[in-house]
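First the structure, in the form of structure tokens, and then the observations on it.
Chain naming follows the written order as A, B, C and D, and within any one chain the residues start at number 1.
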Amino acid sequence: MPDAIAELLHELIVATRILASQKVLDAFGHVSVRHPQNPQRYFISRHQAPELAEVSDLVELNLDSEPVKPTQFRLYSERVIHGEIYKARPEVNAVCHHHAHAVLPFCISGQQLVPVFHLPAVIGKVPFWDQRDEFGDTNMLVVKPEEGASLARALGSNWMVLMRRHGATVAGTTLRELTFRTVFGCENAALQSAAMAHGHVDSLSPGEIALSAAHSVRPPSTNRAWDYWVRHVENAGLMPAASAAKKSSAPAKRAKPRSARTRKRG
Amino acid sequence: MPDAIAELLHELIVATRILASQKVLDAFGHVSVRHPQNPQRYFISRHQAPELAEVSDLVELNLDSEPVKPTQFRLYSERVIHGEIYKARPEVNAVCHHHAHAVLPFCISGQQLVPVFHLPAVIGKVPFWDQRDEFGDTNMLVVKPEEGASLARALGSNWMVLMRRHGATVAGTTLRELTFRTVFGCENAALQSAAMAHGHVDSLSPGEIALSAAHSVRPPSTNRAWDYWVRHVENAGLMPAASAAKKSSAPAKRAKPRSARTRKRG
Amino acid sequence: MPDAIAELLHELIVATRILASQKVLDAFGHVSVRHPQNPQRYFISRHQAPELAEVSDLVELNLDSEPVKPTQFRLYSERVIHGEIYKARPEVNAVCHHHAHAVLPFCISGQQLVPVFHLPAVIGKVPFWDQRDEFGDTNMLVVKPEEGASLARALGSNWMVLMRRHGATVAGTTLRELTFRTVFGCENAALQSAAMAHGHVDSLSPGEIALSAAHSVRPPSTNRAWDYWVRHVENAGLMPAASAAKKSSAPAKRAKPRSARTRKRG
Amino acid sequence: MPDAIAELLHELIVATRILASQKVLDAFGHVSVRHPQNPQRYFISRHQAPELAEVSDLVELNLDSEPVKPTQFRLYSERVIHGEIYKARPEVNAVCHHHAHAVLPFCISGQQLVPVFHLPAVIGKVPFWDQRDEFGDTNMLVVKPEEGASLARALGSNWMVLMRRHGATVAGTTLRELTFRTVFGCENAALQSAAMAHGHVDSLSPGEIALSAAHSVRPPSTNRAWDYWVRHVENAGLMPAASAAKKSSAPAKRAKPRSARTRKRG
């Protein structure tokens, strides 16, 4: 396994731990990343609570969401969400599906999610999708390729889609951009709900959304947030071991955690 | 004590720790499991905060909720909730009574709890019971057999019942199904409250409830959630020691916690 | 110092840690206990965040809230709250003044706090007091004896009083009863607020309040909750060392914490 | 580096950790302190999540917010917020800019923040500033000197200003006063939102605000809260190492943490 891929898979696990630590993912939900050298494939954990996944739990799937090598692992029944979005959106390299408590009230009430401060401007326009519209009564899971394709069509050229009575799906060009958009999408939802309770919601203008989003997706912003979230995963003792590839060949980008020096441990 | 029972009692303690960890149980509330070989008996902790219970605190009661062997332990005054539901519902093998903060607002306001996303579809229809209707002013505790029987009648063929100005009681065919339904019943309540504040609640259709519930009660779902909740109990250092029976004869089903390898501890 | 007093002072510190752990006390607020052998005196911490108090920080005051022995310690400016309630209510042996976030919305909105489930029935009728009514514009602190006496009159024969734009004061016949009433007073407030957002509040009938309160103030209930809260203080590593008196002469009432055996520590 | 400055920089890091621990700061936001001997300069962290900053990450800027010595560090793009307020307000020696979740609903809804209990009276009158009013559509960041100067004008002679669809900026005469005002400004916001949901907000009278604020900004109050917040940072293992200067020449002002003696560690 080339070093670049080993590092990417490690980053996928870190992104997943961050999203669990930030209360986006719980027992359910999943995160994937597209293969950097073969855009017809993507990596995702086997079926389990995402927070528990290790690199050794990752499987490589084609865009029909079938494993490229035979595997004994049970797979996520909703993996077509990922495959169908990768098919429809060549520029998307990472996808997260979740049922975060901050966002679900919008999926239940049908209220429109809009950027209410500058950092979450990266969510842009957030369309709705209702599985019932096209498929009638189902078990609500997106398991058939045509269900995934329908969701991808609802997402369109946007970056986040709300699924009625179900959850949300978010896309990004990189894992760090995806993580930033997913977490701040939840923060926006929580704050918009609070402002709705105040009786008025003042959202960003289209110009403010475009300018703020362009600023926030740049690495200085996404890395600053990533480093902060990583520290919280570390402090909780939940950081996965560094990849072997990374350990042997690549110097860590971040300085060694200062907390290791200053945290008092018994 | 046969191994199967030792394992079941261990699982009862784990379920209890999960429900405490998930903020369903606090100083009050209790969980029980029916004897797997004698359906006229069930196991429940002696009187104490449920989170503090160990296997050695469990007592065996008959369906009149009297101990089958003399005991010095103080017993829960509300144990008839369990006995009377086991009498009325032969397919029920586990019961939880709680006062979770997510659910109590419904018990106080009288608003109907309805499944608002797919995972909690397992709560189905949730009836109300008001002790005052049949018994007038009481200390609100369900202590007489006829009070327990009245609650069991209100539950009927459903799986969760709300008790006005008091709390909730939930039933399951297994401990894991019970734990899943109890936790997601609380999550549904919290999210429904949030959607009510948005001004509209879009609930699942009857067909969606039936199909979603049928999917979620299957072991792949209940075990996935169970493993996740167990990890959180482990990470908090609150996992009970494995049962002696389990240690000697049965290999652990889950792999050894990966966190033990990767969590940083001083 | 007689053993009984040493144990009581230790219990005062434990009660304080519990109330901090349960998010009732923060940097401000205070708890006191009446001298068991001299009803004209009471014990309270010197001026500091209550969670930080140790037995060695306790001072003995008379009911005019003056120290019975000269002390270098800065004292709480609001200690007259305690002294004046002890003067007015001979059966009260413990007092807590706090600004818990659950209760403050009622102090700000003026909404009446009423028991909404059985456990908090111990709060009974909760009157309001507004320092402005009798004393006009002040710094809002209850520092003069006449201010404390006015608050005690508003409390009357009740057990909890809300102070407009300020906080709450709670009384008990014992430290454990006080702790139970204070914590469940906050839980009631939080749940009543949630039910108000649902649009309807169904409170206990007068008969239900009387019967439920009579049950909950008995030791089986207050001790069950106390043991649970103590465990949480222990698990957070915040339990004060046992008093010397207790260690040498009195066997611990609770079994040694089981968590010490079963908690996994690296 | 003189000892007084070393101690001040250490205190700046402690204040920052407190504000992170109290959920005011997250990946974004920043805190600064004016140079005690040269009022034309101030200290602030390099560009990063504030919680991660160490003394070695601090840079010294002039009031045009340019570094006084060449540095490789990336700087906060919004540092003009600090420089322009120091220019406009000679009595201000510490500034915090944040996006706390408690306060943002007011920035989004436009509801006026008012002191609702005595401790936050130190926020006084809280004006609004909308970057759009003067600068039209921007990326919402305060990066140009004229943007910072406009914000400083909106702050005027007050101590806290809300920035529409963005966050808040708070000023203080000392770091401890700033920390007190910032944390209690957030607590006031959360409690005011809760009281608004009750349907009525009873705020302090102008006389009560003046008298309460005068009391709370005194060291007995700000130090009591500071010591409490420090303990929470210590208990989380996130306290920065004491400054070398402080270690060698200055006895610690606070007694050694009692928790070190009484906290149980495995």
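Basically, contacts are C-beta pairs under 8 Å (C-beta built on N, C-alpha and C of every residue); 3 or more make two chains touch, one makes a residue touch a chain.
Being a predicted model, the structure only gives us computed values, none of them experimental.
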item	value
Copies chain D and chain C - interface residue numbers shared by over half, same or different	different
Relative to chain C, chain with the most remote C-alpha centre	A
Cα superposition angle of chain A on its copy chain D, in degrees to the nearest 5	90
Centre distance in Å when chain A and chain B are each reduced to the mean of their C-alpha atoms	32
Centre-of-Cα separation between chain C and chain A, whole angstrom	45
Overlap residues in chain B, where contacts from two or more other chains coincide	197, 263, 265-266
Arrangement of touching chains [line / ring / star / complete / other]	ring
Set of all touching chain pairs, with the criterion as stated earlier	A-B, A-D, B-C, C-D
Contacting residues of chain A [partner chain B, same complex]	26-28, 47-49, 51-52, 54, 74, 99, 101, 104-111, 132, 136-141, 164-167, 193, 196-197, 234, 236-241, 263, 265-266
Chain C-facing residues of chain D, complex	116-119, 121, 187, 190-192, 194-195, 197-205, 207-208, 211-212, 214-215, 220, 224-225, 227-229, 231, 235, 258-259, 261-266
